[in-house]
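Just dropping this structure here.
Chain lettering (A, B, C and D) follows the sequence in which the chains are written, and residue indices restart at 1 in each chain.
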Amino acid sequence: MMARYQLSATVTARPQVTGDIVRLALLAPAVSQAATPGQFVMVRSAVALDPLLRRPFSVCRVNGDGTLEILVKVIGQGTRGLAALKVGDQVDLLGPLGHGFVMPDQGRACLVGGGIGAAPLLFLAQKLGERLPASDIQVLLGARTGAEAMALALPFRDLGLPVQLATDDGTAGHHGLVGELLAALTSGAFPTQVYACGPHPMLAAVARISTDRGWPCQVSTEAIMACGLGACLGCAVPRNGGRGYLHVCKQGPVFEAGELQW
Amino acid sequence: MVSMVSHDLDLRVSLAGLTLKNPVMAASGTFGYGKEFADFVPPEALGAVVVKGISLAARPGNPPPRIVETACGMLNAIGLENEGVDGFLSRKLPFLRERGATVVVNILGDCVEDYAALAARLAAAAGIAALEVNISCPNVRHGGVAFGTDPTMAAEVTRAVKAASSLPVIVKLSPNVTDIAAMARAVEAAGADAISLINTLLGMAIDANTRQPRLANVVGGLSGPAIKPVALRMVWQAARAVAIPVIGIGGIATAADAVEFLLAGATAVQVGTANFVNPSATLDIITGLSAYLATHQIATVRELIGALQL
Amino acid sequence: MVSMVSHDLDLRVSLAGLTLKNPVMAASGTFGYGKEFADFVPPEALGAVVVKGISLAARPGNPPPRIVETACGMLNAIGLENEGVDGFLSRKLPFLRERGATVVVNILGDCVEDYAALAARLAAAAGIAALEVNISCPNVRHGGVAFGTDPTMAAEVTRAVKAASSLPVIVKLSPNVTDIAAMARAVEAAGADAISLINTLLGMAIDANTRQPRLANVVGGLSGPAIKPVALRMVWQAARAVAIPVIGIGGIATAADAVEFLLAGATAVQVGTANFVNPSATLDIITGLSAYLATHQIATVRELIGALQL
Amino acid sequence: MMARYQLSATVTARPQVTGDIVRLALLAPAVSQAATPGQFVMVRSAVALDPLLRRPFSVCRVNGDGTLEILVKVIGQGTRGLAALKVGDQVDLLGPLGHGFVMPDQGRACLVGGGIGAAPLLFLAQKLGERLPASDIQVLLGARTGAEAMALALPFRDLGLPVQLATDDGTAGHHGLVGELLAALTSGAFPTQVYACGPHPMLAAVARISTDRGWPCQVSTEAIMACGLGACLGCAVPRNGGRGYLHVCKQGPVFEAGELQW
């Protein structure tokens, strides 16, 4: 088991990514150094007891200066509080947690992200880029609008990776689902490993397409969490074949698509 | 004027024939089997570790969603997922035994015979300090609710567990009753060496937009700071009703919370949901208790037990 | 796409023979006699105003401290301070009557005869829409606790009040019981026209530094968002147990909270502690309900009652 | 009944007064205009549900620019949160509430404050100054230390009023209790009206001294409050003669000393 830390981290930057997504850079050298792609951190900003529980966020980038970055999309009370943080504020950070992506040393990787699901894929792309030539890493991103898709794609493009977009409203890239981009890959571009993160229906589609074509597929999943440490058993997801449950915070968040019931 | 923890400060308490190095235990279901928290809390530093509830056979637990946050609390309907007693003994207990932790095993069954069989099985194993009998978990249709809300049935389970094992027996009471003192007296009369309370309050949450329950199990157990006032009241009532030691549980997150429970009559406390908010909560509370004793110039934590000034 | 409250939206609900203009009532003891909040809420805009509990003779209430804040909630031990029924009729009721508010009078007594006498007295007065029988307040030794936790006694009070008055009778249940469905069924069988629940959960708080209870009365009633999950569960259980309408109470602070209670089976809701946090809470919830209906394209709030999707 | 308002007020200034007291200036023209000395406001800053209830604070000054000021002494969670506010932050304000000081048009007023109890007396001094010559307004302030006493006295001195100090540690003024300053007044300086605010034992002493000498005495009291509107009946204080209770938020916070049981 890797070391995990609980510490107070300072917000060193908080650029707005889209209307409802901010990027938080958190100074936490130990966590930043220990994290691997697909792992997550649990964050709490309240001084009071409401909201009570930490909220989980994928590590989306680590920097040489000891910071790690997360993308926070505003959903409810917890994320609203985090998105309202200012540079210099402190958060309570727990991590790195969970089982991340397994990375190959060769082959072609295809990263498929839906909306905020792009977050862990960015860190993955960062690390894959150290192992594979950029031309062997494809990135497919789906988003609601072109503006959101462009904003999410930007850091991938900064890594020199080609990104294909799909948007719900057709204002950038393919007008439709990101799974359709995956399904449309031509034989020369077939991946030897698919990585996916996004809303459940998207993951289910990507898992089905990958299984149909015989492409190994790793998915990063979500569940409501309390402890993040494998203790509370709150974060259960059904195991494939009806044989009980897996726990997202410990056996996941990254699973082989075949391990889960879709 | 609080200096570092002085060696003269005495945090030891006695309970059900055991001497605990301090009165702070981790509550069942919130601390796994100790290993999950080992990066943050050496399990042997705690008064005791109460492990996740164990049944005879493995249980898969409830479908998700299993948890939901509520105002200053949370609901859970884990459904008592566990590996069963064999899995526990072979895969979970060794770590705690090797670390020298004081292990309390929380047990649950669907009928009196299950409890007796579990007690016998665990009494034969090395490294277990006591049993905590969970008659109160509201999540499982058989077992839980019925035993914990009826004094006669609670007494019956208590007697069966006592008869089947020589280990000290702590009976964990459900708060979902009209008369907690009656429950406490019933299990005391049946031979319980101590009682612990409270387990979770039965609650529910609904998503106004989807119109669905937020838990797949519809209802679940409420825990966390929200329930502390109810827990404290019940501990106070139970402690006045029985002569056996009482272990206070419910919303404890700080040393001040722990002191409140001791004053109300608890001999020790268990920390549950707070472990999720702060993985070091148990250790922080132990340190805070020492600081409290130093500040108030009290030599032993035992002086606080039941010392509420009315 | 939520536009202003449309006139087509129908918030009316029927209850115990009354038609309320909307399902949002102010809870007893948290809204005074309407006048205290009149700068913020026109009492006639509410489904009903339930006034502070009234007894036959005036009561001074408990010594202070009477309230203490807890995590997402508060404890109170007001001790049912009130001017008595004569003072109420001469000094409090006229304001609400002149404003055209729908007035529900919360009544409490030390014995069955007290309740009957109160009911008879109030039935003779003009401007009262219904009685709410408080058998649940945990603060007073006689009355409160005993009636509210025993189905037989609860039924007896209900019968006496029904016999003494022609006003619709709402019986307000205590949550401090093992089986809320049994209580609901008992008062339904005794003739209650509706039930309301929950009253406060019995709780306690201690000052770790002074070692004293934070309430002079030692124990008090827990209310506020902290108790919402317990209240919602009990409303759901009670609504499935009886055919009479159920009024949901407990921690309601937003329109979404109110919708949760309606979905669980409540025909109307009462807002208590939230009035202290936001004096306009009741009005804001009414506006929010209209917005909810508009967003979800629901013609009448009555469609939500019991519409939980299991 | 005076009009009362609930509104969102912006913090326009927050000078630190002493180590644990800050002054908050809140932009709330309606409340500022309606408030009279001795009245209070209830303030809430949390966006979350913890802490839940508003906290009561005496109005300590109103300004022509539509702001009102409160002094916040850090005691627990609620005051900690308020003291951490920054200029530009919003608070939810309810007020003005309660029954304030009754002011004379002639005579000699003596204002006796203990610690943070100076707060309502400042507003009182401001308004008394419009009715009485400064030489007829005496201010006696008690505090733990000289630094605290000086800080609390400053705005009274700015009004041109003479202030006598008493400190627990003797580092300024009289070494002892502020009640002793009152008791030591010489006949030429006898007040025709005493006004007091401070901790309960100090109020009790001031009430006793005043009663003994036949000086009318108004005290501003505290109680834990929930509603502030006279509805919850939480803020009870025993009435003199054992005849039930008075309610601080409505019949108070200012009472004739003789109305209360000491």
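Everything below uses one rule, namely that a residue touches a chain if its C-beta (ideal position, glycine included) is under 8 Å from a C-beta of that chain, and two chains touch if they have at least 3 such contacts.
Being a predicted model, the structure only gives us computed values, none of them experimental.
**Q** By label order, what chains touch chain A and chain B together?
**A** C, D
**Q** Roughly how far is chain A from chain D, going centre to centre by Cα mean, in whole Å?
**A** 54
**Q** With chain centres defined as C-alpha means, what is the inter-centre distance between chain C and chain D in Å?
**A** The answer is 36 Å.
**Q** Where the CA atoms of chain A average out and where those of chain C average out, how many Å apart are those spots?
**A** 47
**Q** Going through chain C residue by residue, note those that touch at least 2 other chains and give them in order.
**A** Touching at least two other chains: 71-73, 224-225.
**Q** Residues of chain A that contact two or more other chains, please.
**A** Residues 49-51.
**Q** Please classify the inter-chain touch graph. Allowed labels: line, ring, star, complete, other.
**A** Topology of the interface graph: complete, with all chain pairs in contact.
**Q** With touch defined as at the start, can you tell me which chain C residues reach chain B in the complex?
**A** For chain C paired with chain B, touching residues are 70-73, 75, 149, 176-179, 201-206, 208-213, 218-219, 222, 224-230, 232-233, 236, 251, 256, 259-260, 263-264, 292, 307-310.
**Q** Quick one: which bits of chain D touch chain B in the complex? Just the residue numbers, please.
**A** 49-50
**Q** Write out the stretch or stretches of chain C touching chain D in their complex.
**A** Touch residues, chain C against chain D: 29-32, 36-37, 39-40, 52, 60-69, 71-74, 76, 78, 81, 224-225, 253, 273, 275-280.
**Q** Chain A touches which residues of chain C in the complex?
**A** 71-72
**Q** Touching chain A in the complex: which residues of chain D?
**A** Within the complex, chain D contacts chain A at residues 46-51, 77, 81.
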